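Written below as structure tokens is the structure these notes are about.
Naming follows writing order (A, B and C), and every chain is counted from residue 1.
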Amino acid sequence: MNYDLPPEYNALRRMLREFITEEIAPVAKKIDEDSVVPPELIRRMGDVGFFGVPFPREYGGMGAGELGYCIMMEELNRVCPSVATIIGAHIGIGVMSLYLDGSKALQQKYMPDLCSGRKIAAFALTEPNAGSDAAGIQMRATLEGDSYILDGQKMWITNGPIADVINVLALTDPALGARGGATVFAVEREWAGYTPGKPESKMGLHGSPTSLLNFDEVRVPRENVVGQIGLGFVTFMKALDIGRASLGAATLGGAQASLEASIRWARTRQQFGRPIAHMQSIQFMIADMAAEIEALRALVYRTAWLIDNGRPFIKEAGMCKLLGSETASRCIDRALQIHGALGLSRDFTIERGFRDARISEIFEGTNEIQRIVIASELMQGVGVRIRP
Amino acid sequence: MRLLVLLRQLLDPAGMLVNRKAGKVFVNREEYMINPADKRALEAALQIKDATGAEVVAAAVGPARTEDALREARALGADRAILIKEDVAAPAGRFYEALCDSLGDVDLILTGDSALDTGEAVGPQLAEMVNMAFLGNAVQCALEGAVVRIVRRDVRDATQRAYNGVEADLPAVVTVTRSGPTPRYPHGGAIIEMYRDPEAVEIMTAADLGLDDSALQPAVVERGQSFPPEREFGKQMTVEEIAERMTP
Amino acid sequence: MNLNDLQALMGEAIEIDEYRDLWVVDLGNTARAAPLLGEARRMADSLGAYLHYVGPADSGEAIALGADRVHPLAAAGADAAVATLAALFANAKPEFVFLAADETGNEVAARLAGRLHGGVVLNCIALRLDEAAREVVASHPVYDGAHYLDSAVTAKPQIFTVRPEIFPMPARDSGRTGEVEPVAASEPEHPSRDTGPAAHTPPATPLHKAARVVAVGRGGNDAATVEVARLLAAKLGAHFAGDRSAFDSGWIGKEDIVGVIGTEIAPDVYIAAGIWGDTLHRAGTEGAKFVVAIHPDASAPIFNAADAAVVGQPKDVLPRLLALL
């Protein structure tokens, strides 16, 4: 067993960390305040490969696999969860659907621009009436000659307002329902009938725009079907499974940032004539954070290894998301407590971290749904089939 | 046109803790980096490559781990990278002098003005060894035909804000300061590729370069370390003393 | 006993070291080079060697400051200095050479080391002569002064550039005698050409990366004094900033607040004028390498983090400091 990262990944992490520290950290607060990531930053991130980490070099990706992708998400989310979420939705679920099941022609058409960040992808599953019950989607796609006509609404879509290519799931055969009757389509933002909504006003992730998407008789050529007709739900679930591992990596970065800030403040802040690091209650919080983070790190990187080595990983990826989001929430909560009033200051990082962390327990399948995913994987082994 | 960039790999100070009281340097994280001024020299070379299509060869002397610095240089755009795999205290200039001989045509050699971890200045020493023109402390560097032009701080200017142009005919050695061109970031995919390519870095030894033991005698040896006095807080100072500290 | 007898006696050849004497090279900035004469004189005396001075200073003056032999050399560029000194040293074979550590001194010293196959240590801040080993162990800063290496040169000649401020100007002894020997100037083989003033705009450094920061707080400050602080910052090429109280007073923008609430800084020099220095402020300035604190109240916690403390009103202190720069 070897717990050392291969040297290329250490080098990659170093480069990413340098870029993030130099180019993103100084503007992270402003990104939150202005609710926008400067397009120039997106362009520069694209130039070094942030938007295509796990995808092959021939498409302009980094060819760094799930492992590289997890490293990038960990480093990015330490500093700026807004940017991490833009990229997570872009790579982890958006481009991933295209990469997993898209035709060669479709991949060649879109992936180079997507991997370089010249174009941004979105993954549109959730609808006003279909959240956790993703199979309850109602959006229609009707065949008309050589095209499908898409009609309906998607909601809470990350990158909605800025996405150039939207992978959307719609019912091609309502009688069969989502499982068997839904298909993924790659839609371009310029196409008639497609209108993204205005960004939602959210508690956190202010720099990561989320919106409603309106599809009013959007004509999609048949070649823009991603994967097989009727099997779109499977494509989307596969992408979500992979996305959960990298979301776990992101939460790892967030938790680590909470720990580092806490250690620093515990050393600096003096009360009762000594640094608060000497108070046992503070020590316990820090020790608990560190222990949970260490366990999470082992889980996340093992799961990345499972994915890169073609092993079954669905249960573990669900665990990454579940354990990661709850660990990160606990860590930022403790960090806030350790920072006292400073923790609540909008001019300091903890408050933003607190607002940004909470969402991870909800999106990409709520933690309740994760528990169901994990349990059903476990129960399958004893012949029990669980349905949410 | 061939440019040779000399890189030194050194311990990243971010992982170091200097304890003046204990008189010790603690290395908490053993991570290495390219000497910051050398990295700017590499950037200057890559900009010349972008403008003229010149070939950029990166070279370094050091133990096996030094390969990382050269892989990074390749990922950044160097066409070739050569590691002189020797872990001896001999002056780096000796190796580079021999390397220039073995490479044949080298039109311009670029490197940092000094090494962060030793204070050594390889560039000016090498310029004399290989009998080339020398231009030091560049913040900008460009080629025009067979002439290299640099911009550097005007040493005669007390405000430290004036700059001066200097040029020389090729072949020449140029050193670049830490205020030189801001280094680019490599594409992450290039990093992965250069690490996976077993031929990304060419390895040479002193013997390959025809250097024997007599050429490998050290010129400078480290006898120990010392430390600045511990910081003393709250010490009263006069305005005059403070003013003195502020003037270069 | 002559050398042959001695060799016969010992049964082996004795190598007589032909490198001898100490040389101080002055490239034109005599105020910086002259202090080296005092230190080199002491070394010459304990080694029983001669001290040479090569440079533009008046020979009588150089002798009065400690030189035994003076080699007049007009100030010229580095290329010319290297050519002339290399030729001179190829014959004279100096054992030790000292130059003032500045851009030109460092360049010439290193090029000479390359040309003469000697060894060089740059930017020394302390020199210790080991008479028995006939070597100088020199302390020189590494990692931007975080610590020093103590290095010795094992090749010949041993060349050092020395920070001028570490040695005092030697006492003048007008009774000393010495010789003057002319130097033959050599032409550089590959001269560089000065093309005159050039445009260069260094990239703007944001507050968190500024090498120098002057910051104000409300302690004893008023709008007029804040203007003086601003001038001081401009004079020092420093970033002008402040603490929370300065922001509350409208003297600085929000983006220029220094502290954990605001921007954390780690400059080489931090001048805090009228800043009280609570934890929130000081934790954001921990990385500052040299802190000057000016505050009217001697109990201000900023003094616990100050390398230089001035208890006084900024309105008195700042104008004086500005006038001295």
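Criterion: a residue touches a chain if its C-beta (ideal position, glycine included) is under 8 Å from a C-beta of that chain, and two chains touch if they have at least 3 such contacts.
What you are looking at is a predicted structure, and each value in this text was computed from that prediction instead of being measured.
Interchain contacts join each chain to each other chain, per the touch definition above.
Closest chain to the protein centre (all Cα atoms averaged), using per-chain Cα means: B. Centroid to centroid, with C-alpha atoms defining each point, subunit B and subunit C lie 21 Å apart.
Put simply, the C-alpha centre of subunit A and that of subunit B have 40 angstrom between them.
If each chain is reduced to the centroid of its CA atoms, subunit A and subunit C end up 53 Å from each other. For subunit C in complex with subunit B, the residues that touch the partner chain are 78-79, 82, 86, 102-104, 106-107, 110-115, 117-123, 126, 137, 139-155, 189-200, 202-203, 236-237, 269, 290, 292, 303-311, 317, 320-321, 324-325. Partner subunit B is touched in their complex by these residues of subunit A: 6-8, 11-12, 14-16, 18-19, 47-50, 52-53, 57, 60-64, 68, 72.
Interface residues of subunit C facing subunit A in the complex, by the touch rule stated above, are 206, 208, 257, 260-262, 279-280, 283, 286. Across the complex, subunit C is touched by residues 13, 16, 18, 20, 25, 91, 93, 114, 116-121, 123-129, 131-137, 139-140, 149, 151, 153-155, 160-169, 172, 179, 182, 217-228, 231-243, 245-247 of subunit B. Those residues of subunit B lying in contact with subunit A across their complex are 31, 68, 71-72, 75, 185-189, 191-193, 195-196.
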